[in-house]
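In the two complexes below, chain A is the common chain; its partner is chain B in one and chain C in the other.
What follows is the complex of A and B.
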């Protein structure tokens, strides 16, 4: 397989509701990504699109609807879809389009417009559950996270306060992100006092719903060497799906994330992720998920992530900065676009271009990860310079 | 090139902008109906629930119980070997005290959705509700028993079990 580099990135603001349509958002992010590496749409050989359930927009064949905004006019075009895991998988797909030798320049675009769905986009999930054994119980999306968070806390003896500190950190990190929707200085007490949605999940444990888009440019080694002196290499990719039967897996640990991570680490030649990964962007739609995913990504042992957080290791100035972007909790959760935003953050950090968010110490290797589907998919990418 | 970009695209709207008709919207409310087939495995699973019994299937290759009952083992990728009746008691694997419903609407009285490991299944859990208990006294590991609808009111659905209550 050929070496593949990321050479450009772009994104829109993440917003509760955007005036722009999905394709306008996609266009803004895609154009910015191409401009950032001085390519034009004529240089693009193929396009991959990441966007989550059609039910958010109720625009069926959404990728086709978005195709002009994504720069896909008269080009090979494909949509990958893994629910919340879509964003990082979009990067993985772009990687194999180029690594295979089929294409030299691949534009990866992810878009989400959740605000169209009223009264609340959560309603779009009602047909995700099993029609016979789950939906008739009045199932809410939040229940799944509450079950997982409760199981995680109970198995390891972790408290709600331990977990709330993730929300505090990420919303604070997001103060330095120019596209952030919910950046704020809050305290653990604020999280604890916020409305109970589905205990143990409280309002400030949860990321917002968002509109937004993000894009990346993937190129082959020869193109990279021609157009940039700062390529960021894709060193490993991985993805894995667990069973849809929720009662058949133990929610305290995301085994499928571990499998996806091992696939990516093996490809990247990483033996000791704790030492070799300098910066991480695990998926954090809920505060406990950042900790859960750090464990799945083998960045610490099972149940040890809260300790790393408490010790300041995962702060932007710590030994292993985690979600220096501000994550979904701070920047926003434009589902697929958020996964691409995370890969873009690693890209900017490894190039030393993250501005006020830049972590010290010149990181050379970073991992981004997304999660979703029916809460049983892990998608992972390792970038390096 | 995050630090070099000074202006990021995107035009946020507020609820006020919408209320003041500042932007053009068009609305559509779908009115569709779907009728889903229960299939072979679930068909029997629900027929047994109507009789007040919980049934699973067993794969003799991996020796595990599949619950809800289904006709093929996705691990071994082969047909299951037998139907097994399970108890209507179990253990709470995890739970929530939920103030939100499926449309993110707020519930005045919380529901207690849970995963219940059904006795006899080897620890396989099903999704259901807990009741007849103070929500704040529910704990992981609690023993529970199914509370069934009266026989004549059962219709072959997961809701033939009204809820599970601690024992």
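What follows is the complex of A and C.
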């Protein structure tokens, strides 16, 4: 297995409605990532694309449409897809393109344009479910989240206020992110008073829908040594998909995230994640999901994440900064692009290039994670310097 | 240094125009069960990772990959979906096995094309949403224009293209799984309705249903599990520009570059001499000719001549699409490429029944992503 390094990252601003087409967003991010490591499209051996449902922009075979925007003209190019988990999986996919020995330089691009789905991208999810057991219920995605949040709260005796603090933290962290869509100084009371979408989920518990793109450059060890003094190594990858039948799972704990995390930690030789991981970017499309995923990532015991949050451990200045970028709640939820944004944040933090967001204490190992499908998939990557 | 990777198990359902008795989930299950039986593996215990190849829209769903793990025994395992042709899945498995992360993998793809009532409208959604989609053309016009340009650039005749349809439908008569086998003549093709001038109805493949699963393994596992492993010697894939306005209409550049990559990986210098037979994309009859030239399996512009002289017949020197190809078997959406890989495996194993080729060691499978895409993949397999 060859060593693989991340050497460049870039992203567009995340926003409610971008004027650019998906191709243009993809190119802006790709160009920025390549510029950051002083490579050009000519140096790229292959391209991987991450983008979530075609239904958002109603483009069939969306990867084909986006290919030239992603810099893949006349290059090996393929799209990977794991629903909301796509972003971090795109990084995993880029890793194995290089680790396999087939390519030396792989550009990973993730793009999402949700605003073209009218009246609301939520509509794109209506056709996800099983047509016999789930679709007839007329569910929206929010209901699934409400079930899961409720179950999580009930099993561990967690309150809505405990969870709302995640939204407060992440939106505040995002104030320092130049690409953020919903950065804000809010209080727990603001979250509690916001409109109930599907109890116990309230408007400020939810990340926005976004347009945006993000990109990373993965290279083999010899290329990394040639072009940079500060390579960030991919130390572990993992992904795992649970059954589609949501009724067969206890939603209080994301076991699939734990499995994916264990794959990544085993590869990275991490025995005690809580001690060895310095910084984490778990997927936070809803505020309780950050807590849920911290537990799945074995960064704390089951039901213990709210206490860590209350103790300030997960603040940017805390012992284990979680979502120092501002996460999806603050920066925005351009599905696949947000996953790559999380990997990019770990990359910038480990290089000490996160600017105002930089966490103190020179972190050496970080984990990014995404989640998706029908409460079903965990994708994990561990980076280290 | 690459690890050697082999196909050690195959499973498939019959390819039919309609499959009212099975849902796509049941088709996936049937194909997977057969493949695991063939390879002698238990998915839960022995398979490290799974790849499925499907597009959302052909299933009328968002996030199709939600529906994949249960039907192929992949729950709580590494599994991901590529919205791409099945040969991309083989390439993906080849890479993952080469990282050492997985020793045994399964690749799945299927088609339930009969569920699609208006495939033309579906393909229209693949057009550029800014420049092309608003024009609301039937997207198959692209095939007509491309064929026209190909004929113009190479001097190939319409009759030579038509002979591809005659050959492939006749080949399909010897393939019990094929949906569209037929004994037709050149006149039948030439007299069939012109759909997108100069493309005729009999030169266009029809959709079929079917599921295919392959089991791949690294060298050690392949020898441990299988008596006749079929080695994946090389894989390649490539995307040319998606833009209609700037693409090269006469040549299949994507196939040429994907082929070059696969030949490089396989260490093949002279494909025509080192490859014994090929299954290339023939979604439209002229595409077979275009792809043979792009893959350097004949000299540029001479594919039509080669077909006319019978050089690609089943009993000729270089059989092409002996399974019947997409014209004879039916086009299987994202599983189209896997059907071609499947045929190469059957031939190399000597299990192709009445269409078995004699003395073949190396075969090539190639796929095209279908209208309006400008990309495709290649796999080169060998039995030694």
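We take it that the second predicted complex is superposed on the first by the 385 of 385 C-alpha atoms of A that agree within 3 Å, B and C clash if a C-alpha of one lies under 4 Å from a C-alpha of the other, contacts with A are read in each partner's own complex, and residues count from 1 in each chain.
Heads up, the rule we're going with is that a contact is a pair of C-beta atoms (placed from the backbone, for glycine too) under 8 Å apart; a residue touches a chain by one contact, two chains touch by 3 or more.
Bear in mind the structure is a predicted one, so any value in this text is a computation, not a measurement.
Residue contacts after overlaying the shared chain place A:80 against chain C, while chain B stays out of touching range.
Contacts of A:247 after superposition: chain B is touched, whereas chain C is not reached.
Legend: residue contacts after superposition of the two complexes on their common chain; A:57 is shown touching chain C, with no touch to chain B.
By the document's definition of touching, of the two partners only chain C reaches A:68; chain B does not. Applying the stated contact rule after C-alpha superposition, one finds that A:383 touches neither chain B nor chain C. Touch criterion not met for A:168: it reaches neither chain B nor chain C. In the superposition on chain A, A:25 makes contact with chain B only, while chain C stays out of contact range. Contacts of A:334 after superposition on the shared chain: neither chain B nor chain C is touched. In the superposed model, A:91 makes contact with neither chain B nor chain C. Chain A residues 58, 125-126, 243, 245 lie at the interface with chain B in one structure and with chain C in the other. Partner chain A is touched in their complex by these residues of chain C: 1-2, 55-57, 60-63, 65-70, 74-84, 88, 91-92, 94-96, 98-101, 122-123, 125-126, 128-130, 236-243, 253-254, 257-258, 261, 265, 369, 372-375.
Chain A makes touch with chain B in their complex at residues 9, 11-20, 25, 28-29, 32, 36, 58, 119-120, 122-123, 125-126, 131-143, 146-148, 150-151, 154, 178-179, 195-201, 211-212, 243, 245-248, 251, 348, 351, 353-355, 357-358. Interface of chain A with chain C (complex): residues 1-2, 21, 52-55, 57-65, 67-68, 72-83, 89, 93, 96-97, 99-102, 116, 124-130, 237-245, 255-256, 259, 263, 267, 372-374, 376. Of all the residues in chain B, the ones that touch chain A in their complex are 1-5, 8-14, 18, 23, 28, 30, 36, 38, 42, 46, 67-68, 74, 93-105, 110-111, 113-117, 124-129, 140, 157-159.
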